[in-house]
Each structure stands twice: as structure tokens, then as C-alpha cells.
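In the two complexes below, chain A is the common chain; its partner is chain B in one and chain C in the other.
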Partner chain A sequence: MKLKKNVAISEAGLLFNPVTGESFSVNPIGIEILNLLREEKSGSQIHDIILEKYSTDKTTLEKDYNDFIGILSHNNLLESDEKAKA
Partner chain B sequence: MSKIRYERPVIKKLETGMPNKFGTRTEYEPMTHIDGNAVKDLIKEYGSPLFVISEKTIRSTIRKAKKAFETRYPRVQFAWSYKTNYLNAICGIFHQEGSWAEVVSGFEYDKAISLGVDGKKIIFNGPEKSEADLTKAIKNDSLIHIDHLDELYTITELAEKLKRRPRVAIRVNMDTGVYPMWDRFGFNYENGQAMDAINKIMHQGKLDLVGLHCHIGTFMLAPSAYGVAASKLAELALTVEKKFKHEIKYIDMGGGFASKNTLKGSYLPGSDTNPTFDDFAEAISTALINSNFQQDKLPLLILETGRALIDEAGYLLGSVISNKRSSTGRRNTILDIGVNILFTSFWYDHKITPAQPFTHYTEDTCVYGPLCMNIDVIRESTSLPLLNKDDQVVIHNVGAYNMTQWMQFIALRPHVVLIDEKEKPHIIRLMETLDNMNSMEKVPVHLKKFEL
Partner chain C sequence: MKKQKLNIAVTGLNAIDSPGPGVSVIRALREAASFDTRIIGLSYESLEPGIFMHDLIDRTYSIPYPVAGIDTLYERLQYIQEKENLDVIIPNFDAELYPFIKLEHKLKAMGIHMFLPTLHQFEERHKMNLNDFGKKYNILVPKSKVIYDLHTVHSLVSEFSFPMIVKGKFYDASIAYSIEQVKTYFNKISAKWGLPIIIQEFIHGTEFNVTGLGDGTGKTIAAVPMRKQYITDKGKAWGGISISDEKMLDMTRKFLRATKWRGGFELELMKNKDGELYLLEINPRLPAWIYLAVGVGQNIPEALVNLALGKKVKPFTEYAVGKMFVRYSWDMIVDREEFEQISIYGEL
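Then we have the complex of A and B:
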């Protein structure tokens, strides 16, 4: 799972995809996950980091993380698996 | 080291220059307390979902309405519209505030009598009144508002039989310039039906025509329509006085004042745009005072306002069952509140607020109820904070009609709690039980046993 390289993320929570021209607002924990994805952390590494830092449980995080990744994918913000491997 | 408060990650596409179908307002201001009672405590004590009614709000609203009319017109009487909310405790509050009872069925009539309302102070409306109902009302000297000629003849026959002179009014429908025109109830003004009915009553001489009644619509947003209606009823009353030397004692303007709810399809919220009691009072009082009534013979003005007096006092508390995504990626949130107990969600965009604090991040959300039915939609589109499973929400302005039109569909109807003026909660209607439901059913012996 990898965020597209050209996607720009601001600390204030704005995300810009120059390919489509679309902008998004993201909440702080979302930005944190995006940055971890950019660092090419794995899903389980991201889970561990978030669970260490935030007051939530594994099940809730897993559910919300999968939902978040699903929306990133829906908006074409993730590299496809083939490209990511290349 | 304490951990940071968790909020689920969210990403929202920004769309500029496009009208937002999810509305302009974002309801992320939490409502954590109702009249000093924490929402979470109320749900813990009485369960979820839960209807909560504020006695304080009811009393302040009826007082505001009375003030609006009494400062403009010398003789005003409110009558509580039972069909809007006939829980006994609620009726009790309105009667304590001086309201008479306005009922539209034999059941409601009996309810008012059982609560101790003087029969003379019950207004009996509606198209269906049985002979038994009418007999009761005539004996109690109630005010019977005649809806159609068959009823007029029945009352006349009963008057002869009972050797009484029933006090009656006729319901008049009319063109007040609003669409749709309500012409299914009562007698039409413009085509002369109303005057025909009056002629029949006056020539027969068996009934005492004491009033004229109208009810021009529901959730009316145009106070001027009430001005037109009041002028037409005043004209009719003055015609009766001139023609029969008979004084019409009261003019009953019915109900229909809009509450602060937002009708589906409205761009701006009802709380910002709907008329106030002062607007309605100004239109009605001006029309009556400017008519040709003699100053010392102004008729009593009766108002049967329901919705606008109770809607804001009612809250429906509930909990999030789950968050889902639709096939298009839209956020769907399922609450434990369905249209079976929130009937008014069919025509209002009810305001929904969380009962706990959130950040300002929101999602465009479709809010569903828990019923296994496609029609069970509480809000088709609203902007809500990032609710989690088991988070609690407050649905606003639910005091009118939901506790009379609710349906016992696949689940048991919840408790209704009244918070009194000293901020103490009381259950005023118990949650239904399976035994309640089964106690009304009978199973033939041959259907009692089965093998699977």
C-alpha cells in the first residue's frame, strides 16, 4: 500500500492530487496515516504506531483503517499494486 | 503517558462552486445535556432510543404564544390539540396553563373527560363522530364543530331526542391564497355552502350556533393567509348577526402554525425562517379588530395550535449502531431510531446533533434507522461529525405527532421521559413489553401447537 508520489499533503490537513486537480481535507490522524503510508510503513506497523499513541482498540482501528484505505483507493490516491511493486 | 483522544481517520473531497446537497450547516455542536440532565445518564437509566420532553420548554412556549395574542386581542383562548400529543402528562401541562381540550375522535374525547376536563371546555372537531360520541358531547354541553351535513342532521335529531340545545359551530373551508387549499373539511365559504349550513341551523332553531371555525392548513408559513381567513370568518359572523340578530360568540382559527422544524426541500433551516407567534398573532388580530365588529362585541378568539407549542420541547435520544459505506463511497450511519417512532422524518429534515464533543471534521452522511425496510431513512443527507458505534445523538423538535402517530413495527416503543421544571426526570409513558403486545392477541386452540 503506497500513496501516489505526486500527491501533496500540507500539515494543515489539505491534500492535493495534481493529476486530477482534486483537493481533499483530511483530519490530523488521517494526515498521520498518509505520512506513514508515504514512508512505506506496512499496515501492521501503522496499526502499532496508532495504537501506541491514541486511545482506541485494535478492532476499531482495523475497521476504521480499512475504511480509510478504501476511500483513498476510491479517490485514486494509492498506487496500484502492480505499480507499487515495480 | 496518557494517550491522545482517538478520532477515526477521514478524508473529504473539497468541491467549490457547487451547491452542496448536504446543506450549508454543520451540526457538530454537541448537545450533552437536556434541562440539566446528561444525555448519557438518561440513556443509561432509561435505555436507547428514548423520547425526552422538557416541561420548562412547553410552559415557556405556551406563555410566549399567549403573550403574542393577548397583547394584541382582548379575548383569547387556547385549546390543546390532543392529536398532536395526547400523553396524559402533556395534556396536564397545557390544561394547567389554561388551555381547553380540542379533540377529533371519540377516543380523544373520552381521554379529555378522563383527565378531568370540564365538558363545556372541550371542542369536538373532526369528520367522524358517532351517535354515541355526539350524545355524550351534547349531554356534557361541549362545543361541537360540525364538519358535514349528515352530522348536522344527526345532531339535530339528537337534540330533539335528548331535549337539549347543543352548542355548535360550523367548520368553514375557504380560499386564503395558499396552495393546497384545504377543502375536504367543513363547508366552503366561497360557494355558499357555509351560509347554507348556517341558514339550516338558524331556521331549524334546534341548535345554538355559538361559533365559526376554520383550519386552513398545516405547517403554514404564510401568516397573511390567517389574516384572510379571519376576515372571512368575521364577515360571516357579521352576516349572521345582521340576518338573524344572532351573536356569534367565538371565532376559532384552528391550528397549523409552523414549528421551528425544517421542511424537506427547504434551503434554510426553519429556526431561521419560519414565522413567529407574533407574526401569526399580528395577522389574525389585525384582521379581527379591523373588521366591523362593535368594539364591545368582539368575539372570543380560540386557537387550536398544536405543533408550534410542543415540537421544540421534544427530543429523541438514540445511539449509533454502525457506520457503513454505500457502493458510491458515501457514509451511511445506522441509528437505533427508525421511522416507526420518528414518523415526522418523512416530511422534516430533523436536526441531529451528537451528544458528545467532537472535532470540527465532518462527513456527508445518510442516516438510516434500524428497520429492515428501505424506507427507513431519518436524514437523506446531512453533515455529521465522525460518529462511532455506540455514540449517542439527539434528534431535535420531535414533540409533535411522533408520540401519537408512532407505529409498533418490529420493535417495542420506548419510554417517554418528562423533565420537570426542577430538572427531575419522570417516566410518563412506559416502554412497551412483549406481554403488552401479546395481551391483545388471541390464538385459536388449533393454532397453538406446531412441530418443526
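Then we have the complex of A and C:
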């Protein structure tokens, strides 16, 4: 799962897709996950990092993470989406 | 070295809620690096806001509507030329392009240069001919049909599904969800812009626009794609952002290469959920949002003027992505005498 290379993430949490011109606002945890995706961390690595850093349980994290990835995919922000459309 | 000073006339001064491109074009010309300008506005109505923008426009002359005929326009331009010694005219309305294209040689003989599409290009890209255009150049276009008669409306149900777009030959488009609505829009739009009416398949998706400039040999001089971010009830962009979609740029280059387009243009595109790009319309002139192109590094009106004067223009190769334009309205305070000058004497 990789974030598209050209997607810009601002420190304030604004995501900009330069191909579609769409902007999205993301909360601080969202930015953290996006940066981990950008570092090409796997899903399980991201889970471990978040679980270690924040007080949450695995089930909640998995659900929220999958929802978040679903939203990214729906908005064509992941590399796999681009390949599927090509 | 002192820059050359050019006298440039510009139409489309109606900076209203459905704006003409004139004021944006003039702002671009004022920022041209390769020449200085004296700007002459050409107006159709006495309340076109650009007429009263004295920091942008040095003098304005009213000109006759295209319906008055080519000879009437020519006579008026002769008069303006005697006074202003114009170097270039940039027409900015679809409806006035036909007479200006027809007058191109006569105006050139008077010393006035333009950089317009040929009559063939102008006719071929017309929304009435979009089906054939798409087939000829292998570009995806929505299915469309030209209708002249209200009685033929009922037969549309076998060819189109609802909703469908009802379009005027020059301007205006409405989405119809029933035959009754098709009839209403047919009457409304044809009363304003005449016949025929174009019925177009509705493509679900996101709307994009590309503006640019072709040099007439198939070369792309400029191209900037934009996504509308804020759309008015008339479907006009009130805010937009420059984007970097290679598919759109490829389609633009293909369009220019195939048609050898000469002049400024705007492509109206729709991207459906599968990522397919449909060409909805080709506007044969610069759009009202042209100043965004200047803002991202491509001064298209300046390049157009240089091409009109026969100068060599290097193609733009890059632009800033993610730059936005946000339009605004502004009340000017105008002396009644100024209004009188333009409405009674046709000059200000």
C-alpha cells in the first residue's frame, strides 16, 4: 500500500492531489499514518507503531485503519488505484 | 532596451457573473514582459464593467453586435483604427469570431493583426459537429444530436437516457430530467440564442478545463489544466486550481496536433468514474479564467499577441501546479457623465 508520490501533505494536514485538484483535510493521526505510508511501511508495521504510541486496542485500530485506507483508495490517492485505472 | 508599445484592442469587457474573458486578458497584457501596451476596449453594452476600469483600459469604443453584419463592424473598426492605430485585436466571444475571422485579411491590410482559428477549424469544432469531430480525431465525446424542431423532442427518448443536456448553439446549457424539461429548455435557450439546439448525453463525473494556445502548425505553445472548485449557478468557475493531469495534457496536444489549431482555446472536459476523459466542448477563444495561466507562469495572451505579429514564440514547458484563482465582485462608483459618453457617443 503506497501513497501516490505526487500527493502533497502539508504540516497543517491538507492533502492535495495535483492530478485531480482535490484537497482533503486530515487529522494529526491521519498525517502520521500518511507519512508512514510514504516511508513505505507495511500495514502491520504501521499498526505496531500506532499501538505502541497511543492508548488504543488492536480491534479499534484495525477498523479505523481500514476505514482510512478505504477513504484514501476511494479518492484515488494510493498507487494501486492509479494502476487499476491505467 | 525600450520595449515596443503596442495598441491592442480587446472585447469581452463584461466582467459579470457569467464573465467575458476581456478583463482577464487585459490584466495579462498589462503584465507582458515583451511589450508595453495601450489598451483599447471594444464593448457591446454601455454597462460592461471593463469600460469603467480606467487603470486597465485606456479608451473604450462601442462596436455593433454581430447581427448588424460584417460591413457595419468593418466600418466601425475603420473609424477606431483612424483614431487609435491598432496593432492587434483580441476578440473574446464565440459569437463575434465568425465576423472577425471573415475580416481578418481586410483588417490586416489596415495594419491590425489577429491570431484566430481558420474558418474551417472554427466550424469543425462547433458543438453541432462534435460527434464527427470525435470520430475524425479519435477523441472521446458525448453523443449529441442537433434539433431544430420542438416536435422532434419526443423521439429523443429512444436515443438518449435521462438526464440529458440541452445546449444553445453559442452559450447556455441545462440538465433535463424529463421530456417536459427538454421542451422548456428548448424554448428558453432558442429564444435567447436561436436555433439549433444541441441535445447531449449526460456524462457523470468531474468537470475540468484546459486553456492553451496553438501556433497553427500543430505545435502546443501553452496548455494549463484547471479543476473548477467553486461553480456558480450558471456553471461558471468562481474558483479553480491548476492541476497536472498528463492525460489531459496529452489530449490537448493531440487536439492541437490533429487540427493544427491556430489561436487560443478552452477545452471543456469531463472525467468519469473510470478515469475516461470526454471532450464536451471546444471554446475557440481564451476563457475568463485565463489569468490563472498567467499566475502559474504561462502568459498566454502575451504569446498570442506575439504570434499575431508574426514573432517566434517559444512553447511554454512548465507551470505551477496547485495555484488557485478565486474570483470576486467589486462595486465601482461611476460618474453619470461617463455612462453618457459611452452610451450616447460610443466612446469613453
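Odds and ends about this structure:
Methods note: the second predicted complex is superposed on the first by the 80 of 86 C-alpha atoms of A that agree within 3 Å, B and C clash if a C-alpha of one lies under 4 Å from a C-alpha of the other, contacts with A are read in each partner's own complex, and residues count from 1 in each chain.
The definition used in the following text is that a contact is a pair of C-beta atoms (placed from the backbone, for glycine too) under 8 Å apart; a residue touches a chain by one contact, two chains touch by 3 or more.
Please read all numbers here as calculations on a predicted model, not as lab measurements.
Looking at the shared chain after the overlay, A:15 reaches chain B, while chain C stays out of its contact range. Considering which of chain B and chain C touches more of chain A, the answer is B. In the superposed model, A:6 lies in contact with chain C only, and not with chain B. Shared-chain residue A:39: touches no atom of chain B or chain C. Judged by the touch definition given at the top, the superposed model places A:62 against neither chain B nor chain C. On chain A, the surface touched by chain B in one complex and the surface touched by chain C in the other have residues 22-23 in common. By the touch rule above, chain C contacts chain A in their complex via residues 206, 208, 226-227, 229, 240-246, 271, 274-275, 321-322.
The touching residues of chain A, counted against chain C in their complex, run 6, 8, 16, 18-23, 85.
Every residue of chain B that touches chain A in the complex is listed here, in rising order: 2-14, 323, 325, 329, 359, 361, 386, 388-389.
Of all residues in chain A, only 15, 22-30, 32-33, 53-56, 60-61, 64-65, 67-68, 70-72, 74-75, 77 touch chain B in the complex they form.
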